[in-house]
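Labels A, B, C and D are assigned to the chains in the order they are written; within every chain, residues are numbered from 1.
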């Protein structure tokens, strides 16, 4: 029960990130992901970076073998799709702080976009290794969001981690919610900072996925299965877990500290 | 209210519904979650000697009726790491049944000894894993192998040993009889049915591994047939597995001869909440039919013992 | 338009879709009807030495997805009477493939000789019938038996001999290889999968015979797995059977290695009109994918020959 | 996919015929049949003699083993049901002659009943071995039909076959259609007689049935399968068949002349 589709559009977003668009009718909500199969290569969970209408999209950062291979995928290439799976961002907050690091903006952009269209005031703290890697920066700006950036090398915005930008914004302004996706240690920091101020935080987390059906246990995170209970979790559910920000499981199910990735 | 507690050999279960091996079975927290949701016991993922990543994705294909084809490739953290997961589940009160797989009797026995040390209540032997990959045969399809493996394990551990039988056999009951001779306390049937799916647009098998195992509603008749035949052939208890999603399915298995039941694929529908529903539904149905316990209903559809 | 005509050994078929044995197969008029509706060939009911009434009703159980469980018990008019039905169908132009079942090689050979005399174009051996009732084993589950039976038949008849393989085996490809050694022109796979259904209100098996055979959508993955493995093991053509209801199903089988296809349970949906739809749909799909003929697409999903 | 129900009512219709009523919701039309399973005994095709509402019924004549056993079936007994199967009588004719012999009235009564309620003028030619065996005679009368009877022993009405009653009525009056069910030789005679007068005839025929799904071929009748193409056939389809009125098939599929039944 996969749908096989052809890639209709390919957009190079940053030197290490490419967006693939394809026809995939049916409803989808910001926060949800698909299992996308690159025939001959792996099938991977990928957040939908475009959730509206019949033409959906994913935005892939070159990380490991497959995600590197698919950077070269051309228009017309076939991919297999199943899903969308997982839960969604609650879009009801009126003032939202979006905190994205790395490919995290892929799932945050459609959420922010839909919220902004509904009148939500969106502020974005966007981090990357360098200026050219700031994902969806213009997309955030076009939807009317205020964007504050941080780069590891200081090539633009604050030099250092996006968490410091987020912390500054949180103390300076009032937000009803924080949405965040990125390295887990980053999300953990944001969750602690916002939590101290009483602002609810929603984290989109990643774990190794195989079935995406809540069956195989590959994506277990404490008592949760990220594929069906997530990927979006209120931070207060994650913070008590010994694993959050510290360890994940490799494909064999062994617990591996995040550094050892 | 019909009594749902059952005994499988010396193994006492609060109800007959066990989490099947390979489902929610890699982490102790998940096992504990299935227990908390009402499972009568939880079976671990099948554990081997070394950590195994399993096959690459796609590892699973779904069918419209809720059936699945999978080729996970027995991913598991390995026997060195896994006991800690058992401890997590046991600390939360769960009745944990271990599961192991190996290439021969000696490996099974070694694994059994190590996993038994973690305090499992019983041990299921996965006798349906690929023996020599690509040959399409299984370590558990020859009665002599089954007997030898079971005997080797029974010699090493004091807990009840359950032999899990493959349906991909002309005579699954003969395999069960071999397990009984080897000293098994019970047999469980069935593991998945060999299957394949092809994507016609891509002209290739859907699963990265090619061959897979079918589970869910499609295989319920197959599991029932195996349990029926095994019940007629052996004296030890039979545990029914394959396509159980409702209390009615469970009752079919009980009447066919199953004393306990394992539930796998049905967990995809609405998570482990299925265990609470199954227990409640089975109890109600037994009441309606005038049975005071599960035990009293076991095998009731067999003419000789009806 | 892709060419649908295929050859299975020396048997030329106008399209790959054959009426499966046991469906519309007792009367010559029915066989002729399936042919007129567009089947590429029609296979007779499996014929034995004596008339057999079959098992009492209920002989069939239905499932929500369209799958069936049956235990007809091989009813047939017997070899003395049946040739006249073949003649009725042949008189209407049908390509008729006979099917016979027996207890041993000698009986198969005797039946083959007699049925061949009625002018059938090929002969399928039903190697999946109950050997010794109640024992749960089948005459076709031992490669040595299969080879012996096929050899005995091939010695007696000049038409292509097709060995029909059971899926209830750890290694169906080994059975196919045995048939090839015995001289079979082709193998067909699969016959039904052993299954059982229980009525919980009545506390008894639904089918009068108890054990039955599962067919239809539920067994498509099982049939595909068998065809895939057999294609990898033998050089003779493979005929795919099991759960084929749409052109897409048919194409899965072709890509898995089937050169022809048999259709059974799908006839319940809307009668033999299914044959016209299958032929048209397969032709269209082959066109879309750029194949000029069925033959060119056979086995295309196998990596080595893709 | 069987429904198991309890018999709620049992009516002895004639010395050799009993009606069983049971809850079986869902639509059914006059002419259709069910496969009714008497656990421990056979599963048999039986026309629905009551098709309206949730309480359906079958009317069983003692013929062979099972049909004799079930004469004794008590209220509360469980039976398995699947169906309804098959086609239905076309109820559009305004003047109908109903010709029933033996248990044939079982399927004709609900058809006549529904037609009469729609304003159709119903005339019934009813045959039996003896007066006490005239099935549904009062039911036909209650629906406002004119009933003419024939008995083999002359205990009531015309002595002899119901076909002679039918022939007399056909020549004396005008009918838009004839519906008939009974011994096949009877139906054949009626079909020939009415056909000669240009009156269309619809016969409900019986053949051995196993699957009732149009699959197993047990019920083959010429090019038809009685379970799905019938049981109701226009006579002009049946008359050309070598088998009609002459032979049927036993459970092994052998062709057996009707006398040898």
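Convention: a contact is a pair of C-beta atoms (placed from the backbone, for glycine too) under 8 Å apart; a residue touches a chain by one contact, two chains touch by 3 or more.
All values reported here derive from a predicted model rather than from experimental measurement.
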Item to check | Chains touching both chain A and chain C, listed by label | outcome: B
Checklist outcome for this item: When centres are defined as mean Cα positions, the distance from chain B to chain D in whole Å is 51
Item to check | Length of the line joining the C-alpha centres of chain B and chain C, rounded to whole Å | outcome: 32
Checklist entry - From the C-alpha centre of chain C to that of chain D, how far is it in Å? => result 37
Item to check | Junction residues of chain D - those touching two or more other chains | outcome: none
Item to check | Multi-partner residues of chain C (at least 2 other chains) | outcome: 63-64, 201, 204
Checklist entry - Taking touching chains as linked, do they make an open path (line), a single closed cycle (ring), a hub with spokes (star), an all-linked set (complete), or other? => result line
Checklist entry - Pairs of chains that touch, anyone? => result A-B, B-C, C-D
Checklist entry - What does chain C use to touch chain D in their complex? => result 22-27, 29-30, 32-33, 45, 51-54, 56-64, 68, 70, 72, 75-78, 81, 199, 201-202, 204, 206, 208, 264-265, 267-268, 271
Item to check | Sites on chain D touched by chain C in the complex | outcome: 1-2, 4, 35, 37, 39-40, 42-44, 78, 80, 82, 210-218, 220, 222-223, 225, 228, 249-255
Item to check | Residue ranges of chain C in contact with chain B within the complex | outcome: 63-65, 67, 69, 135-138, 141, 166-173, 193-198, 200-201, 203-205, 210-212, 214, 217-219, 221-222, 224-226, 228-229, 248, 251-252, 255-256, 285, 289, 300-301, 303, 306
